[in-house]
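You will see two complexes here that share subunit A, one where it goes with subunit B and one where it goes with subunit C.
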Partner chain A sequence: MNELIYFFNYVVIAGSVTGCIYAIGAVGVTLIYSILRFAHFAHADMMTLGTLAVLLLTLAFPHAGDPLGLPTAIVMLPVGMAITSLIAVGIDRAFYQPLRNHGVKPIVMVIASLGVTLMLQGLIRLFAGTGSQNLYVDARKEIFRIDVPGVTRPIILTEPQIILFIVTVIAVVGLHLFLTRARLGKAMRAMSDNPDLARASGINTKLIITLTWVIAGSLATLAGTLLSLDVAFKPDLSFFLLLPIFAAAIVGGVGHPYGAIAGGFLVGFAETLAVFNWSVLLRPLRDSLPTWLELPNNLALVGTEYKIVVPFFILIAVLIWRPTGIFKGKVI
Partner chain B sequence: MPLLEAIDVHGGYGGMNILNGVDMTIEADEIGVIVGPNGAGKSTMLKAIFGLLTITQGEIRLRGEAITNLSPHKLVEMGMGFVPQEKNIFPSLSVEENLEMGAFLKPATASRLKAQIYEFFPPLLEKRRQPAGELSGGQRQMVAMGRALMNEPSVLLLDEPTAGLSPLYMNEIFERVKTINAAGVGVLMVEQNAKQALRIAHKGFVLAAGQNRFTDTGAALLDDPQVAKSFLGG
Partner chain C sequence: MNSTSNTPSSGQTAPRRAMPKRELVLFGGLAIVVLAVFATMGPAYSTRMLVEASCYAILALGLTIQWGYAGQFNAGIMGFVALGGFSATFFSIPVNHEFWASDLPGRLGWVLLAMVVVTALVFGISRLDRIGVPKLLRTTLAIVAGLVGYLVVISWLRSVTGDIESQVEFIGGLGLPVWLGWIVGGVLAGGVGYFIGHICLGLRSDYLVIATLGIAEIIKAFLKNSDWLTRGTATISPLPWPVAEPGDVGFLTARALYLSVTVVMIAVIFFLLHRAYHAPWGRMIRAIRDNEVSAAAMGKSINRRRQEIFVFGCILMGIGGAALTSFNGLFDPQGFLPLNHTFLVLVMVILGGPGNNLGTLFGAVLVYVIWIMSGPMALAVMHAFVALGSHWFDWQPGNLDSRALQARVFVIGLLILLVLRFAPRGLIPEKVAHHD
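Let's look at the complex of A and B:
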């Protein structure tokens, strides 16, 4: 039974956490692609930037969360989301909109987003340095140990993980309701379907573009902050997020928000399962195994330090065998 | 004052002129039909009116007001509706959502108009929750026209509304166009099915090589042996 709890802690919980982060990030990538038709490579840096905004706010007001009994970073999250949205819209106005108005090819936009990536990374290091920082300033992360009867090992959940699960559900349901019920949400889907007809219907496409950046910037801040709260803020966070997020968006089918969510969890779980030490699950069978079969100490598919190869592998496999992804999306 | 007026319109794509001086006038209660051989500039003329390509010379007026080279967005606000020949629906949106997008600028009137459109195109009512992309060609055309009508246009531009439809659906669409016109909407449409279209036309414009060849009432064009011989297949 201890082994099952170990599996639950290191696969089910860890996979869900990674899945939530990737899903929220991939939704942003997919939304930007649906509306603006280019792969936005600076998205992971937008996540780091949003997290930095929250970190700076938390450092400035370390006890703002105390009266509410929540981590200060969570209280600062809405403010950070607003700031990042503004920056995202600003970046669009300054860099992407002029290119769009020139009617450039999507690849030019992709290269421009790489430029934005480099610029944002420089800016982030300028303000945050190169070391990692804890988002719990003057506070301690709460860790919950849930005892299961008859087992010595507890199920371990941290406060940020619980918040992450709740916030992800709210974000997904909220996004679903927005896209299917709200007038602007429907207009967003309409523009993704047929931009010319959207214009011919009188839909204000500029407003839709602005809205897309606001949603993408907010979601990026959300995912980045909740991840950093659970681990720590790293200025090079985007390096570890970019590939899995794009893999998730492509696996799910680019242009499908629900596909991006499914893809996020798929990549997240694939990653956790690949680094999981399967030898632990086999340990109870050790005595019944034939003597010539010695159980190695580590039976993980890949070492933790090579975790990043998993989304890379998934990405290549999907691009070769099913480039449209699970939900028949567009081909980037 | 005429509803829509085009005076000596020149224009095209990327410096190449397709329209070489087209004149057109339709009154508020009229159906105008543009016919002519392939490459005559029929659809191009419609797109020029709707601001989708640059007019290099000439003028277009809506109720006397110059609208030359205004953006489609602005023209929709001024009461112009446009139904393109292709890609004229939002395929992944439901029929109902397609209609709602047509009323994007007038959300307050959406539910009243939606009921009217369902009354007008009954097949759409039972399919209202279905993605428009799954509908048959004729029903898609109904969605496309319904979407444009949701903005309560005073003039409706239709680009080959019966292209690729069976004769049964073709007659159905022409009947609808007549009803729309009877309700007080000026219609200007491009048609390949020239004979049938001219039968419902108050005014017909025969274009060739980007210029007016014949302009008369629909009935007179149908009776003109020269038009029949050159443009209506005898």
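Let's look at the complex of A and C:
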């Protein structure tokens, strides 16, 4: 049983945490893709930017969350989301819109987004340095140990993880309601299906584009902050987040928000399962194994240092066998 | 970038036509800048800068054929540079006799053999449906065999590499001439490019960007963590040069000799690319870039041609990376950075003129000079800012050097955006000939 609890702690919980983060990130990427038709590479840096905004707010008011009993960063999250959305819309107006008006190829937009990536990275590191910082300023991360009867090892959950699960569910449900019920959400789906038809039927496409950036910026802030609450704020995370997020978006079918959520969890769990040391689970069977079969100490599929290989291979596999993704994305 | 057909129009091939004014002015200005650097920083430093710039020019020529000729964007130049650098290192450094005297090479050989056997086995199982095995059973069998085989081989490999690290530190090199390593580096990079291109080139161009970005990080992670092969973070130095070493003939002469080697390489590559560009093959490549559908209607094999040009570009990047690493004299996997080895090259190409070899060369040298000079400049600007900041806001940031580096990241990003916005065809645009 101890081994199962170990498995639960290190695979189920850890996988859900990474899955949530990738899912929220991938939804943002896929929304931008379906409205603006290009792969937005600066998304991971938008996550970092949003986290930085939250971090600065937390540093400014370290005890704002105390009356509510929540970490200050969570209380500051809406403000950070608003700031990041503003910046995202500003970036669009300053850099993407002129290119869009010129009617450039999507790949040029991709290069522009790489330029934005570098700009944001430079700015973030200019102000925040390159070291990691804890988002718990003047506070302590609470850790819950849930004892399971008959087992010595407890299930371990931390406060940010619980918050992460709750917030992810709220965000997903909210996004679903918005896309299916709200007028603007329906307009957004219409525009992703057929931009010309949407424009012809009187949908304000400019407003929709702005709205897309607001949603993408908010979701990016959400994902970045929740990730940083769980671990720490690292300014140089972006290139390592980029690949899993894009892999998640493509696995789920580009332009497909629900697919992106599924893809996020798939990639998250695949990563955790791949770096999990399976020999721990097999240890109780050690005595019953035949003698010629010696159980190695390390039975992980890939070492932790090669974690980035996992999303890459998922990506390659999907591109080979099903380039439209599991849920049949629209555009290849 | 909207050419449909082209004739030799650059001043280089048609000797009777005068060199166009724009190129003359720009190259004249560049020469003045380089001379100014020579005057202020001394010849040894400036020659080093020129050698590095020439290595970057090879990388930039690699990207210009991918992006400029064919419209494929490669965001993983760093990975190909690292591969080239590794190959140059592995071939040129002295042999580790301790390793070869032990039983470790044999064990490593067995592991490699097992790898080949497992791969062949899995491949064979995946073909079982040809002899009537149901497809579902075949897939299951192939996956199980692959997984088990992989686990066995990887744990075996882990034990061997662990022994190598603890007994002889790393496997050493081959002690062969450097140029062999450069060529093999190009071949390795081309092989990886073939693999990536094979998967992504038929799909939307965005996927290629993602895949190349990913493979670059993977190559870096592999080289960084394979201590048995590359000593990892412990780095390998010194690396031999293909010409006389600075220790024998002095810094300036050695660097000048190295520069002559790279310049000859660039001249050869330039000549070949120039011929290719104006040949029917180059015309076909541009036709595919500009209008895929009509090119396909003319019976051109689009994916094959794309694959070709992508692999060619990767080979150039591998060779350029090998030359760059050898010159630095230090193989440090952590020293390969997306900024220095991917985005800098990108700026060189889009600023100089994608699809125009001369423009690319110009961009490479100009951007590299600016890049090198921007280090001290950024630091000075940072000092000024901090002086103001501490005066007004009481802002006291630490480690200015690393922050100044980050300011350069910002500037490179901004430069990419400005060029795309205001000079999308570069300073020396690709020449499009019109036939009326």
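Quick note on the criterion: the second predicted complex is superposed on the first by the 329 of 332 C-alpha atoms of A that agree within 3 Å, B and C clash if a C-alpha of one lies under 4 Å from a C-alpha of the other, contacts with A are read in each partner's own complex, and residues count from 1 in each chain.
Please note the rule applied: contacts are C-beta pairs under 8 Å (C-beta built on N, C-alpha and C of every residue); 3 or more make two chains touch, one makes a residue touch a chain.
None of the values given here were measured: they were computed from a predicted structure.
With both structures placed on the common chain, the touch criterion links A:A190 to subunit B but leaves subunit C unconnected. In the superposed three-chain model, the partner touching more residues of subunit A is C, compared with the other of subunit B and subunit C.
Looking at the shared chain after the overlay, A:N204 reaches subunit B, while subunit C stays out of its contact range.
In the superposed model, A:L242 makes contact with subunit C only, not with subunit B.
Of the two partner chains placed by superposition, only subunit C is touched by A:F312; subunit B is not. Contact residues of subunit A toward subunit B in the complex are 183, 186-187, 189-190, 192-194, 196-204. Residues of subunit A that touch subunit C in their complex: 38-39, 41, 95, 98-99, 102, 104-108, 110-112, 114-123, 125-126, 129-130, 239-240, 242-243, 246-247, 250, 296, 298-299, 301, 303, 305-306, 308-309, 311-312, 315-316, 319-320, 323, 331-332. Residues 71, 73, 75, 150-151, 154-155, 158, 199-200, 203-207, 209-211, 213-215, 217-218, 221-222, 224-225, 338-339, 343, 346, 350, 397-399, 402-403, 406-417, 420-421, 424 of subunit C are the ones touching subunit A in the complex. For subunit B in complex with subunit A, the residues that touch the partner chain are 50, 72-73, 76-77, 82, 84, 87-93, 97-98, 100-102, 104-105, 107, 147, 151.
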